[in-house]
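Structure record follows, encoded as structure tokens.
Chain nomenclature is as follows: A, B, C and D, assigned in order of appearance, with residue numbering initiated at 1 for each chain independently.
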């Protein structure tokens, strides 16, 4: 038991450090990609290739005065950013980076991730509501409607994979898949993968689904009134959430640490990075959808498709079982 | 234009030279027939281009520019509002575009448009609502026959003398005021 | 039939998203447009028109061509020009005598007042660079400079005396002179 | 003006209080602007929201008001030209033209042929720049960040060209009473010749990246329908009217300068929505290129400023004149009344954006907040022009 505890402690420290690091790197990547897509260099003054720019920005954010508007609820106002960031640390625990390379070995890892990622919306709601700002309120309302809606297809698509693998343990799901791309779950579950990516965009409030913070409508949505590290935590949580979502996609659909030649963790990081790059490209290519369209996409397309996909999967899984029994 | 405004009490109607001044018709109306005229213009496919006031010796000349979308032709409707009580009926119930033009005119010249639903300052600060920047100094006001185009008179109400050229003796006097302007 | 059409439309709609990604992907790989300023300058500086400057005369390039007529100040929409005329030089005793003689004989005397301005005050903060002054200058004594890199710490840095500025460029030239003749001799 | 009584619960200034008087029970009053990312400068729109639905919207103007019409009273005609470059920073040359044209009409000045061509070329280039600016900013409103960079990349080329004859990049004061300030030199013309095929080659990219994009199509199709009748009542012109199927363009309806000699089309769209206005503007870019191409070919030799052009002491003769040109946003009209004095007695500037924006209150009623922003953007607002 103590060994398990030590493992969790080491894991937690590693996760906390790596989340910070990933946040910084992702900010750099995002800005660099945005720059190159828009035919400008992006950050390039601070450090080689501007690598230290996010660090400088983070320092600036830490140094800024923490500001709270009049009549805001002080407890909830400051609780919100913390609440948005803390669960993210937990989400990293069950993620298997390689064979046996995970912090927390529980057979309900998938459930843990889904459960705690649901907390994120609470922080957006609190932040928007407590800041006594009309834009914040609208952003919070949007965030709730959006997250609640998009959680369902996300869950359904993940469930389909769980049916195929027969387990909610992430490591087992990976082990079920093979080395080559055609052995991955994306081949058997392409629709679930698509649904997962789209709902993941919705869950993480990334463009083109970044409605809770839609700049041109709500200035900055739920975090309009946050400055300094309050905003910094929201920001960090957004990128950390992105990493989690992409990691889960890698584990469920892209064969996790499997891959030829290179060692497992490298493959894992490579796949996650590619997915992240795709999400970043989405943001810098597409206009934002409208709020009713966002919900329509979910309720009229993703939900029925996800349900159909799940039922088909269940049918075939059962069929396969019968075949094996016979 | 004559046919369009048939039966309305008019003061002055003249055909103008488009090449020279950019307008085809010049109409002076008494304030009472303005809304009716606007209704007829709307029915005849005219659109409201602009409303402006002009501070003349005789009063504020509120000028309504109308034009067509599909054929050439511009008409200038003018209503003279006296300096001491500048009231003109609002045509915003007919041409909603007038809502803002009228508010702007009130800002600049202090012409009050009766019947306007929301005659609050548009471009100027509400705190300086009683300051009318484009009102002229009484000394430098010029009679409108001095510069407004007379055109070819089609109809003139006998009592409307503002656009008839002055008698020679008088014109010298008005020339003097123009020079001081 | 309608269902198939709908499906085709949906697919083409989704395809439009891929096309968009293709465009941004293409530009991602293409060279950047940004000119990294301190190391490289943009290419359109030769047509830049900066603040006004006086044109030097034919004989002395550092003495303005300006004849202090004041047309520029009259035409200027934003009143940013003030031309201060030179006072007539105090006549020497001989000249005074000659002047008195001329007066006595009723001859017309030549005006000794120099035409070039004492000061040509120019407020760059007000100037809208419309060029009306240049167009109205009878002597062609004004032009836009090509001074792109003008910056200052206060408002007063943008109020110049253009005569002084012209003379300063002279001073700089004289400072640089020692090098120039050497080059000439070596060429010769 | 009497101040309205303090409403107690409503916090806000005069306009908010005035607006809140007729608000419904339980609705949310939101001030979009004057500092808001989607209001293009300093427009302020007070909206009354029921959830995400806009019950009522009321634009509040005047944050960029500079009283150009008063300035016209205290300056001579020639001195007022730089002001015209500052009325509309998007399409400054059209305003230059409208004012100069009105004065020329009043004074009966004939402009040399070459100057007319120079005016047309620069004005059309400026129109493309204006549409590109709108395109980028509109996509920014709709949440796409990249198009504005591509648009500015192309716009930069136009600004470089326009910098050659005008010397400025945004607020031009290039036209003069009786001509233009400088001839288009060979350098400038060759740049223009090179620019036309370049711009044409860029248009398919615009289509691929944005116009065909399904998200954009869903965002602007059927949004902000403006009936032709509404255009008439509000006096909306330009792409807003043409997007509603009204075939009205001052260049054709009241031809001026060399436009009658040129072959170009007036695009209209029967869609009447934001998509229609979008399409019209995109086609107008192509048509402007066509106009420029013809002008560069036909351009005669000669003077660019009429002989005996007005001196600073020149007085505008007595009389009145109205001159309209087609700007990037619609009909720009300048009404000049002169009493023969040193300064013009009254100059009235008719800003197309002013009339177009006054439509907004009616069109935005009952839409979603995001649609209201999309409509606001599709009207192509340049606030300095509206506030003057």
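Methods note: a contact is a pair of C-beta atoms (placed from the backbone, for glycine too) under 8 Å apart; a residue touches a chain by one contact, two chains touch by 3 or more.
It should be emphasised that the depicted structure is a prediction, and the values quoted were computed from it without experimental measurement.
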Q.
Tell me the fewest steps from chain A to chain B, where a step is a jump to a chain it touches.
A. 2
Q: Have a look at A-D versus A-C and report the one with more C-beta pairs in contact.
A: A-D
Q) When the centre of a chain is set as the mean of its C-alpha atoms, what distance in Å lies between chain A and chain C? A) 56
Q. Which integer distance in Å separates the CA centroid of chain A from that of chain D?
A. 43
Q) Which whole number of Å gives the spacing of the CA centres of chain B and chain D? A) 26
Q | Two or more partner chains touched - positions in chain C | A | 17, 20, 23-24, 27, 33
Q. Going by the touch rule set out above, which residues of chain B reach two or more other chains?
A. none
Q: List, in ascending order, every residue of chain D touching at least 2 other chains.
A: 146, 150, 153, 209-210, 213, 215
Q: Give the pairs of chains that touch; include all such pairs.
A: A-C, A-D, B-D, C-D
Q. So in the complex, which bits of chain C are touching chain D?
A. 13-14, 16-17, 19-20, 22-24, 27, 33, 43-44, 47-49, 71, 74-78, 128-132, 135-136, 144
Q.
Looking at the complex, which residues from chain D come into contact with chain A?
A. 28, 30, 36-38, 49, 51-52, 139-146, 149-150, 153, 209-210, 213, 215-216, 218-219, 368-371, 373
Q: Within their complex, state which residues of chain D touch chain C.
A: 75, 78-83, 85-86, 146, 150, 153, 160, 163-164, 167-168, 171, 173, 176, 181, 205, 208-210, 212-215, 217, 311-313
Q.
Applying the document's contact rule, which stretches of chain C touch chain A when the two form their complex?
A. 17, 20-21, 23-25, 27-34, 36
Q) In the complex formed with chain D, which residues of chain B make contact? A) 20-23, 42, 45-50, 52, 54-55, 63, 65, 68-72, 74, 76, 94-97, 99-101, 108, 118, 120-126, 129-130, 133-134, 142, 146-149, 178-179, 181
